[in-house]
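The structures come next, written out as structure tokens.
After this come two complexes, each holding chain A, first together with chain B and then together with chain C.
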Partner chain A sequence: MPTNRPSSARFALRQWNWVVPAFVAPAALILIVLMALPMANAVVLTFQFWNGMTPPSWIGLSNYQTLFSEPLFWSALRNTAYYTIATVVLKTSLPLILASLLSSGVRFSVFFRTMYFMPVVISLAISGLLWKMIYEPNFGLLNETLRFIGLGNFTQIWLGSSNTVMPSIIAVSLWQGLGFYLLIFYAAIQGVPSDLYDAAKMDNANALRRFWHVTVPMLRPVIVLVIVLNTINGVKVFDQVWAMTAGGPNHASDTLGTYLYSTAFGSVGNPQFGYATTIAMVILVLSAVLSIIQIRIGRRQEVEY
Partner chain B sequence: MTKITRLLAGAALGLVSAFLPIAHSTAQETVLHVMGWETRHVPGNPVWDKLVAGFEAEHPGVRVESNVVPITQYLGTLAAMTAAGTLPDVFFGHVKALELGRAGLAVDYTDVMTDEFLDGFSPNLLAQLTTADGAVYALPYTGFAFGIFANDRIMTELGLTVPNTWEELIEMAPKIREAGLAPLAWGNLNTGTCRDFVMPLIAQYGGDARALDELTASWDSEPVIQALTLLDRLTKAGVFLDGVNGLDINQATQIAYQGRAAMLYGPSRNVGIFQKEAPPDWLENFSVHKMPAVIADGRHFMAAGSGLAWVVNDKSPNKELALEFLKYVFSPPVYNDIIAGFNGFPSRPSAMDAVALPQVREMIQWATEDGARNVLYGAGSSDAVDAACQAILDGSIEPAAAAAKMQADVLKARGKS
Partner chain C sequence: MTDMTEASVLLARPAIPYGRFAHYFGRAAIYSTLGAIGALQAFPLVWLVVTAFKNPREVFNSFLPSQLDFSNFVRVWSNLNLPGHLINSLYVTSLTVAITLAAATLAGYVFARFRFFGRDALFYIFLAAMMIPSQTILIPMFQFLKQIGLINTLTGLSFSYLGSAVAFSVFLMRSFFVSLPKELGDAARMDGAGEFRTFWYVYLPLAKSGVATVVIIQSMSVWNEFMFANTFISSPGLKTIQSAVFQAVDEFSTDYGALCAGLMLALMPIVIVFLVLQKQFVRGLTAGALKG
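This part shows the complex of A and B:
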């Protein structure tokens, strides 16, 4: 007997048609308004000259030409690359090694994990200010300690010298971020089947070989994730550098982020929003390209067990 | 009507009812938006409360709302507001005051204020805010002068007197260093303090800061090279703190407070700050002195100007009210209260009697005689001087090359603008 009621499948399809978009729409709208539209506007702005005081004027590729011929940009790019490579290597390898050690049954593991994580909860700006006081070359804690223990010859003008400023900032970044990545690796290591370690032991593999041939391969996806996160954070670094040195002395610690900020909001001539946005585009492209490359490399070999 | 629909309708009605009183009060009240970095311009500060209450009493229906933005974030905030078209009604213009005026965003006070009112300001301070064609886009709120704050206890213990010339300072530096102290403490991180140090040196060698700022004189001229050469000599003689480029003013001041520096370079507002936070040893032993001169009977030019200068937004719907506010602020009884309450350096000589601290009075007198312009308003000027200063301080450039770079950097910045 024919029925006037729609089939349950058609009814379900009609329900799906309006319910899903209705629930997705608010979040999508927010993302479009607060991210997509500003990003599109930013891309347009890179082709304009705008000092914020007069209407923007179209200048084509001039901002990009100026950017790539500006020595300060290349200096900032070099510093950013230096910072990124150093922090990626240090903030990936050291937390992994420490996590592996803490997972091996060492005593007071909880205490050590807590101690390593504590700097993570301090804001980047505050940690920058704190270390600025420690690094103070005349009477700061670091140099005073070195003098006290007889290592006065090793004192440096940490943040005031172009030779030591970047390593000093990288050290602070490592101190701040190590605990976070250590916890990520520690949690991941708990998921590695113990059978694999047992099998390796039976094959007379020592701790180092077990780490290299079991832990590292099994943690490959997590390692790739950590590398990607560190890369993105490195390319867009700003807070700590600005709090500690504002890119000084004499642009020696200027990164793309601080160069962007001082160009947009500093006392350099008038604000150059178009030019500053061009710098932001470089940061975006660098972050995206490096992340894609790293993810693709990471996917090449997948370990199954 | 379903239950949910009734609930939604009720909530909407409730929201509208909640906002009605606000909309009703906004319609009857005019809010005058004031912005600056003066941390005492906040409700709860008795001086500010009295000022606001007095103005609001004279202007029923007007409410003054103060937005205090930290100095370290001020330029960024100002730039963002300018770009967004949301500048407050009246605000401190910082180094952008004249640029805002040229862009038509700041009122030219010569068009709206009487000559009598403008003549009431210290000529030296007002001149620094006056463009070459005579426009005045900012009114100096308070002034400042830089000087040497000496720790008399340390100087006496070392058998030294505060130097009258730069050569004397260079000669006494080794003795102070041997005592484990820094001769002259100041910090150059993110504050442009070196600009405050170098611009008066240029004046001491016969240079004209205004001409340099406006590029009617060249930054690689002889007075600039001589000033940078002196800065280089002072650096190499160990007069300054080690790593001065990596220290900010607060760190340098703390070093002085702790008795680890013989002298401190800083502005006149420090005198009021010392009263609130300096330890007893510093408070009992500090004295204020002029900047050293190039020669024994030379001019002791020192940085003097007005960093706090009021700008009225020319596009503001409350422009007339903002001008009334400034007339009120600078009216004698009100302004005298501000100077007395803030331990300020008056920009109007008529308020001199309100200055309570004798050291500030003394510095005002010096500034009247030997004040030198240090705030630069031209595009690229500040950054060019800052960069050259930092390079001299860390020994990475020779003075002549630094001067040439300053000229090149300013020209480049003006070409970009």
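This part shows the complex of A and C:
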């Protein structure tokens, strides 16, 4: 370590001087006023009844009691779990496989990456609206196409039936997120030393083995990162679901995000802000706990080379 | 270790002759997989553009329009006041990105270059703030904006994004400044440059890729944000493009031509920026995720 040599003392980090408070102040102020205070208020709100008109009143743990005895909450939690597990599996495995195919020296890889990436830049709400048109049962693109190619029996009321609504939403999420995670994996694969692949080839490892025994272990930290990102995005999913179904039909696609939103801003004249914030706390705790567990597991099973 | 030894035992089998046929077959399989998924990814957007140019009578008849029809665009452009909503979005995005960039560059620099009491604790607070789902502050923020009289204003909407935007950007900027050599600043100081000049003339120009990353990530997320925009703005004239289009869906419910034209116009700005700045976009977003 260079810190042992006296000459390197001038390379050490700078000590405290006027720059520190002056430069940190704007960011700290923003963080306190626009993040820490709202967070503290959110905790307070979970113990209150507030409808936005009359002043909030203290009701103790009543919001939490209502929450855990409310069937709609449990079904929202179930749907959120379903969505999160499905998107974590699909939006991690498929992008990883496609990224390694793209890295296997194919031509036009820039073209493919652009095509895959395009949906990423579109807002979740707009892609929800676009897919709502595609899923429309009578003249939507999907059913029209199925009828056109003679698979008319497979047409569905995609977003209108409780059996198909969640898979349909998950498909949209995969469509939209695929390119993003693919690019993360692609960038990470470029960083894997190529002699590892050469050595594997010398040992006659076929492509599948190279993928499983070189790519996957080398990308382990990135895979954990993608799983964590997918989990956080899954637990708080809102935009696409709200744009496509608003939680319907009959709460079949209600997630914690849409359930929260409809209790706060959905039903006109009866906003329950305290209760809605209690749902938000569940989202916060779930995403924090799940991502910490995943990072822990990811670290523990790290392989040494 | 066990994983690798097991692997080398498995891999030490005699070579399977890997013929030409197998090679071309493999390549063909890879290309057709990539092509098919690429087509699936592109198709909804192609359909959107094609439908936007169809005559309303043709929308459900054939895939391609018999002739380009711009009437859908005319109808949405005038009925929806799209230019107004685009300007609203532009205002919120620029204001948020400008404030975020200024605050995050300064703080990120200090976190990377200085050692002071409580630095790590403070940094972990920023890190934690980054992970907070926006739903958690939705209602308190609504309450707060109402109290300070900024509910239903574009400036208030912009403020509502600042907390998480600054937290994430401080984190990013710090990681860019950390990668720059400390000797540069020492040399500048020896030449008599003050603290601010060292930051402004020596380090900031070198952190350009960090600045670009912050601008790209934050512009995209603010431009595309829907939940806060749809909640904090109630005046129709002040709506951002995302929530304006969302509201318009009922109005144009079966007019798919107009709806497609509206969606297309709403996502055109960001798609154009993406296509022009593709390299920076991809580098910025992956850097953002990998460093985050």
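In the analysis below, the second predicted complex is superposed on the first by the 281 of 305 C-alpha atoms of A that agree within 3 Å, B and C clash if a C-alpha of one lies under 4 Å from a C-alpha of the other, contacts with A are read in each partner's own complex, and residues count from 1 in each chain.
The rule is short, and it goes like this: a contact is a pair of C-beta atoms (placed from the backbone, for glycine too) under 8 Å apart; a residue touches a chain by one contact, two chains touch by 3 or more.
These numbers were taken from a predicted model, which means no experiment stands behind them.
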* To do: Applying the touch criterion given at the start, work out whether A:A42 contacts chain B, chain C, both or neither, answering first, second, both or neither.
  => second
* To do: Return the chain, chain B or chain C, that is in touch with more residues of chain A.
  => C
* Taking the superposition as given, does A:Y261 touch the first partner, chain B, the second, chain C, both, or neither? -> both
* To do: Give one of first, second, both or neither to describe whether A:S162 is in contact with chain B, with chain C, with both, or with none.
  => first
* Asked: Between chain B (first) and chain C (second), which does A:M133 come into contact with in this model arrangement: first, second, both, or neither?
  -> both
* Asked: What is the contact status of A:G248 with respect to chain B (first) and chain C (second): first, second, both, or neither?
  -> first
* Once the structures are superposed on A, label A:L196 by its partner contacts, choosing first (chain B), second (chain C), both or neither. => neither
* For A:F273, decide between first (touching chain B), second (touching chain C), both and neither. => both
* Can A:A81 be said to touch chain B (first), chain C (second), both, or neither? -> neither
* To do: Go through the superposed model and pick first if A:I59 touches only chain B, second if only chain C, both, or neither.
  => neither
* For chain A, what residues appear in both contact lists, the one with chain B and the one with chain C? -> 132-133, 139, 261, 264-265, 273
* Structure fact -> The answer for chain C against chain A in the complex is residues 1, 3-4, 7-8, 10-16, 26-27, 30-31, 33-34, 37-38, 40-42, 44-45, 47-48, 59-60, 99, 102-104, 106-107, 109-111, 113-117, 122, 125-126, 129, 131-144, 159-160, 162-164, 166-167, 170, 182-183, 185-186, 195-196, 199, 220, 223-227, 230-231, 242-243, 245-246, 249, 256, 259-260, 263, 266-267, 270-271, 274, 278, 281-282, 285-286, 289-290
* To do: Spell out the residues on chain A that touch chain B in their complex, using ranges where they run on.
  => 50-54, 66, 132-133, 135-139, 157-162, 165, 245-246, 248-251, 261, 264-273, 275
* To do: Flag every residue of chain A that touches chain C in the complex, lowest number first.
  => 10-20, 22-24, 26-28, 30-31, 34-39, 41-42, 45, 98, 101-102, 104, 106, 112-126, 129-134, 139, 141, 144, 175, 178-180, 183-184, 187-188, 200, 203-207, 209, 213, 217, 222, 225, 229, 232, 235-236, 238-239, 242-243, 257, 260-261, 264-265, 273, 276-277, 279-281, 283-284, 287-288, 291, 303-305
* Could you please specify the touching residues of chain B with respect to chain A in the complex? => 75-76, 79-80, 82-83, 95-96, 99-100, 103, 105, 182, 189-190, 192, 241-248, 251, 255, 258, 260, 379-380, 382-383, 387, 390-391, 393-394, 396, 413-414, 416-417
